[in-house]
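The letters A, B, C and D name the chains in turn, as written, and every chain counts its residues from 1.
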Amino acid sequence: MVGRTHGVHAEPITFGLKVLVWYEELGRAQERLSRARAGIAVGKLSGAVGTHAHLSPDLEEEVLGSLGLAPDAVTTQVVQRDRHAELLQAIALLGASLEKIALEIRHLQRTEVLEVEEPFREGQKGSSSMPHKRNPVNCERICGLARVLRANAHAALENVALWHERDISHSSVERVIVPDSFLAADFMVTQLREVLEGLNVYPERMRSNLEMTRGLIYSQRVLLALVQAGRTREDAYALVQRHAMAAWRSQPDLATRLLADPEVSRVLTKEKLLACFDPTHFTRHVNRIFERVLGEPVAAGR
Amino acid sequence: MVGRTHGVHAEPITFGLKVLVWYEELGRAQERLSRARAGIAVGKLSGAVGTHAHLSPDLEEEVLGSLGLAPDAVTTQVVQRDRHAELLQAIALLGASLEKIALEIRHLQRTEVLEVEEPFREGQKGSSSMPHKRNPVNCERICGLARVLRANAHAALENVALWHERDISHSSVERVIVPDSFLAADFMVTQLREVLEGLNVYPERMRSNLEMTRGLIYSQRVLLALVQAGRTREDAYALVQRHAMAAWRSQPDLATRLLADPEVSRVLTKEKLLACFDPTHFTRHVNRIFERVLGEPVAAGR
Amino acid sequence: MVGRTHGVHAEPITFGLKVLVWYEELGRAQERLSRARAGIAVGKLSGAVGTHAHLSPDLEEEVLGSLGLAPDAVTTQVVQRDRHAELLQAIALLGASLEKIALEIRHLQRTEVLEVEEPFREGQKGSSSMPHKRNPVNCERICGLARVLRANAHAALENVALWHERDISHSSVERVIVPDSFLAADFMVTQLREVLEGLNVYPERMRSNLEMTRGLIYSQRVLLALVQAGRTREDAYALVQRHAMAAWRSQPDLATRLLADPEVSRVLTKEKLLACFDPTHFTRHVNRIFERVLGEPVAAGR
Amino acid sequence: MVGRTHGVHAEPITFGLKVLVWYEELGRAQERLSRARAGIAVGKLSGAVGTHAHLSPDLEEEVLGSLGLAPDAVTTQVVQRDRHAELLQAIALLGASLEKIALEIRHLQRTEVLEVEEPFREGQKGSSSMPHKRNPVNCERICGLARVLRANAHAALENVALWHERDISHSSVERVIVPDSFLAADFMVTQLREVLEGLNVYPERMRSNLEMTRGLIYSQRVLLALVQAGRTREDAYALVQRHAMAAWRSQPDLATRLLADPEVSRVLTKEKLLACFDPTHFTRHVNRIFERVLGEPVAAGR
């Protein structure tokens, strides 16, 4: 399929590579959550100001141990709120990664692109008024909730600086943001899993979009071939750009234009030039990238 | 051109209508900025704790008057920071509206849509490596800076609750956020004006995108026609949806499918049905909307 | 009472002046809310993409009129979200002003200051474990919820830039932030009103705190008297600072030290010097400030 | 010294315990920064869309290795922005912890408390107009900049969801927030270190503040002694609260009141009662807490 930068066709990629980026990023999200979870798995029974004035540290260890929590080594009246903030931050960053995937699906589902679609149940209504509609509403919802998660993480940061051995200003905040962030994140993960499991993928649209610009996306390889053939980079850039800009919106296509240009044909054979327009050249290292991420060779069928 | 909801083709609109939404919204932004400016055009010379202990209120009025500022009626050591927060909020909200316009242009410039393009100077490089690229970088930059503006407005809100007759925690914040927000907003406005003044608009692409779904976007009007002809809304919806879903990705188009369906032809003549597929019906009230906003009739040429 | 800057005693003020600052600021909050309410009191019945394709503008006016709403002059599928963002911003800024007042009460209730206290019901428990406690928990709660309000306003700003004629990403956000912000703001206003109506004010503590530094807070007036008597500002500052620093933590007090210094007695009579230590001089313009804010003279009893 | 919750005197602690909380929390901040640094120590030379189309993965490894960076296993045109967001989050959370310490110092420096003071250079001016002032301006500045850091982390989260193989909206944001967050955090750390290294600590004020409530802070221990002596918790609470409330603002002190109450003397000897008012009982486990944190016994001199 075509890779896009700035929303504009760039160079060929594979859909698998796109998904691999998500996979790797979600792995980092998982690690952050695990660490934040470990960081919050502490408790305290150290009294009103953290001194164990009325209950001994030994009792604290016993009680917390029975709850599967470690005693927080030193506390005030409460466990310090940087631990909670780290957790809310990890959830917010997970949310941003989920948003990124959901946003990508929304982009790929736009009518003009239509390379993937959210699952759409038989009998589902995409719109109450327009019967033709199939909207990526789950992915839109995920994008929206990511905003709530980062707002909550912001509030959690304001909860860290409590007065002295504790003030209770954090409590009213936490009653809102902690359950809301957990519920929203859980919902987002569940929804996105459903979207991904039932995702409709349209390879034929990927192919036709890849060819939509009639070869423009191979401009860099032509540029490099010209440089290799002895042109300065600047000259070669100007030359390819001139033909590319002309080809953007009128016939003929880039390859035809280049073949007709003596400045090109002088240094590149037709064969060499046309070889630049081969998408498989661009994706020849993709299996290697999969190996880097997954730690093992990828089966040929990929 | 086609109107899009959820990124999916919905019903016909005009490009002018889209721009009118921007125009109206920026009017609101301007009002908010004017109000915030008036709200901040105060000063104080009321001393260390706001009592005028060492300089009289009369002197304050004289000095501030010479600066074109009104005396703030009551102050502490400083003018209260809700005034500054309102200003930063107004700037951030302006930024969000600029972001909306810039985001729209980015969407309309994607290769598959390509209905408008940011101005692109002769000789400009869209990408250092891919000579074919023309990227909406100005609009992307505007979208980015809107994030900075809202972050700054958030910090401004935290500056409101100072201690007693003043603590100076707000000062280090304001040294960063006030100039940054003014500079960024000014830059964004200037950039967007340049983008809009030199915007390339491609009506032929608007038309071809409008026709891309071969009539699907008229589904609501068919639905309403069927209802008017006596079908229940539910039945009509199911019927149109069935044909629409089939037409999404295979021939023939929606109109042809409907014409071939006896359930349709029994209640709608061919003429009546095909009349549903007329884009000008959808935009017949657009001039009226312009009048609502601009307060005067719009010339026929619009 | 003593005015404080940076948490450190500065110069005398009155408690009324402090409250007047709140009064004036809440007036601004009220205006912002009114404006935001007017800005959101619009509706739309303009169809799937804002064109009135299936319902006329006339019908829209009739229906919305019956709801007490004005038609939004131009819309997409929805009313533009800058209107909602302005509302959430106004609520967040109200919250910051409520936070400021609540924060001040918390400061004034600290054990060492104890000039005011939140109402405390007979039989109420300030702490489950420490029977002597009376904590400003309502004010702490207000401070916390202000964090939630500003986080929500931030999310509202991210809702402005929707795709084309609408995407639905804003909806999941609004379902959380709109009711939460209204509920929290309403609660905060109600709570703060109760706190203020039942506020315990301790004038005798205000007086003893005013005298706590044994005259240091009059240092500026001494400085100005020395300057008026012919000393350079720099000399006078150094002289007063030297004595003030010595008086901070050991006997005798500032006035006694100054009287014993020939550099002072040479230019200021004892009478003139002691006149500098009169708190009523510092608050002599306070009634004038009340008149500026309230628009009418203040009764002598103030 | 006295421990305070809700700004109100609670029970005795030691200043060392307070600092130990900071020490432990900053250790967590350091770990988060180390992890975020490791997470960002990757690079990429994988081309315009992450495929290594024009440069091999081998070359990437060589070049990045020479820079001390690992190749990011899979990328788009850029390293994914969740890595940058994690870094900005870690900096913002460090900032919140620094803010907490700075806020504490500001509280302890207020005139009525005055248990510690920021270093104040000979000849420094605390205020241009009030020669007696010594303000915690460095700590106030640290509190302010923490707001900037969390605002920047919020913006960084909005940078994660880029379009397809990259859009450049993140770039304008990062040019602002990355240097600003690094510079501000560095400044805050440096300033706070200076403040802590030169901190003036006033043990005599700590002692006098501890005694300010004439024994109220021992109310919990009395309560527990009464319960141990056979009173129900509810009765004992009501009894102690009644005397405590009376003692808050008038003579005699809590102990005297309790001794005179037959309900108390019936179950507690004078000796047992007075033993409750011993601050060293409250801090007897503090060395144990130091051992938990530092991993070794604390010298007796502590």
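Please note the rule applied: a residue touches a chain if its C-beta (ideal position, glycine included) is under 8 Å from a C-beta of that chain, and two chains touch if they have at least 3 such contacts.
None of the values given here were measured: they were computed from a predicted structure.
Asks: Going by the stated contact rule, which chains contact chain A and chain B alike?
Replies: Correct list: C, D.
Asks: Compute the centre of every chain as the mean of its C-alpha atoms, then state which one is farthest from the centre of chain D.
Replies: Most distant chain from chain D: B.
Asks: Consider the two chain pairs C-D and B-D; indicate the one with the greater count of contacting C-beta pairs.
Replies: C-D
Asks: Can you give the whole-Å distance between the Cα centres of chain A and chain D?
Replies: The computed centroid separation for chain A versus chain D comes out at 34 Å.
Asks: Report the inter-chain centroid distance for chain B and chain D in whole angstrom, where each centroid is the mean of the CA atoms.
Replies: 42
Asks: CA centre of chain C versus CA centre of chain D: separation in Å?
Replies: 25
Asks: Mind pulling the residue numbers of chain D that touch at least two other chains?
Replies: 4-7, 10-11, 47-48, 106-107, 127, 129-130, 135, 137, 140, 143, 150-151, 154, 158, 163, 167-168, 220, in rising order.
Asks: Once bound in the complex, which stretches of chain B touch chain D?
Replies: 47-48, 106, 127, 129-130, 135, 137, 140-141, 143-145, 147-148, 150-152, 154-155, 158-159, 163, 167-173, 176-177, 180, 184
Asks: Spell out the part of chain A that touches chain D in their complex, as residue ranges.
Replies: The contact residues of chain A facing chain D are 3-7, 10-13, 17-18, 20-21, 24-25, 28-29, 32, 35, 39, 46-54, 56-57, 71, 73-77, 80, 82-83, 85-86, 89, 92-93, 96-97, 99-100, 103-104, 107, 143, 146, 150-151, 153-154, 157-158, 160-168, 220-221, 224, 281-283, 285-286, 288-289, 292-293.
Asks: Where on chain D does chain C make contact in their complex?
Replies: Residues of chain D touching chain C: 2, 4-11, 106-107, 109-113, 125-127, 129-137, 140, 154, 158, 209, 212-213, 216-217, 219-220, 223, 237, 240-241, 244-245, 247-248, 254.
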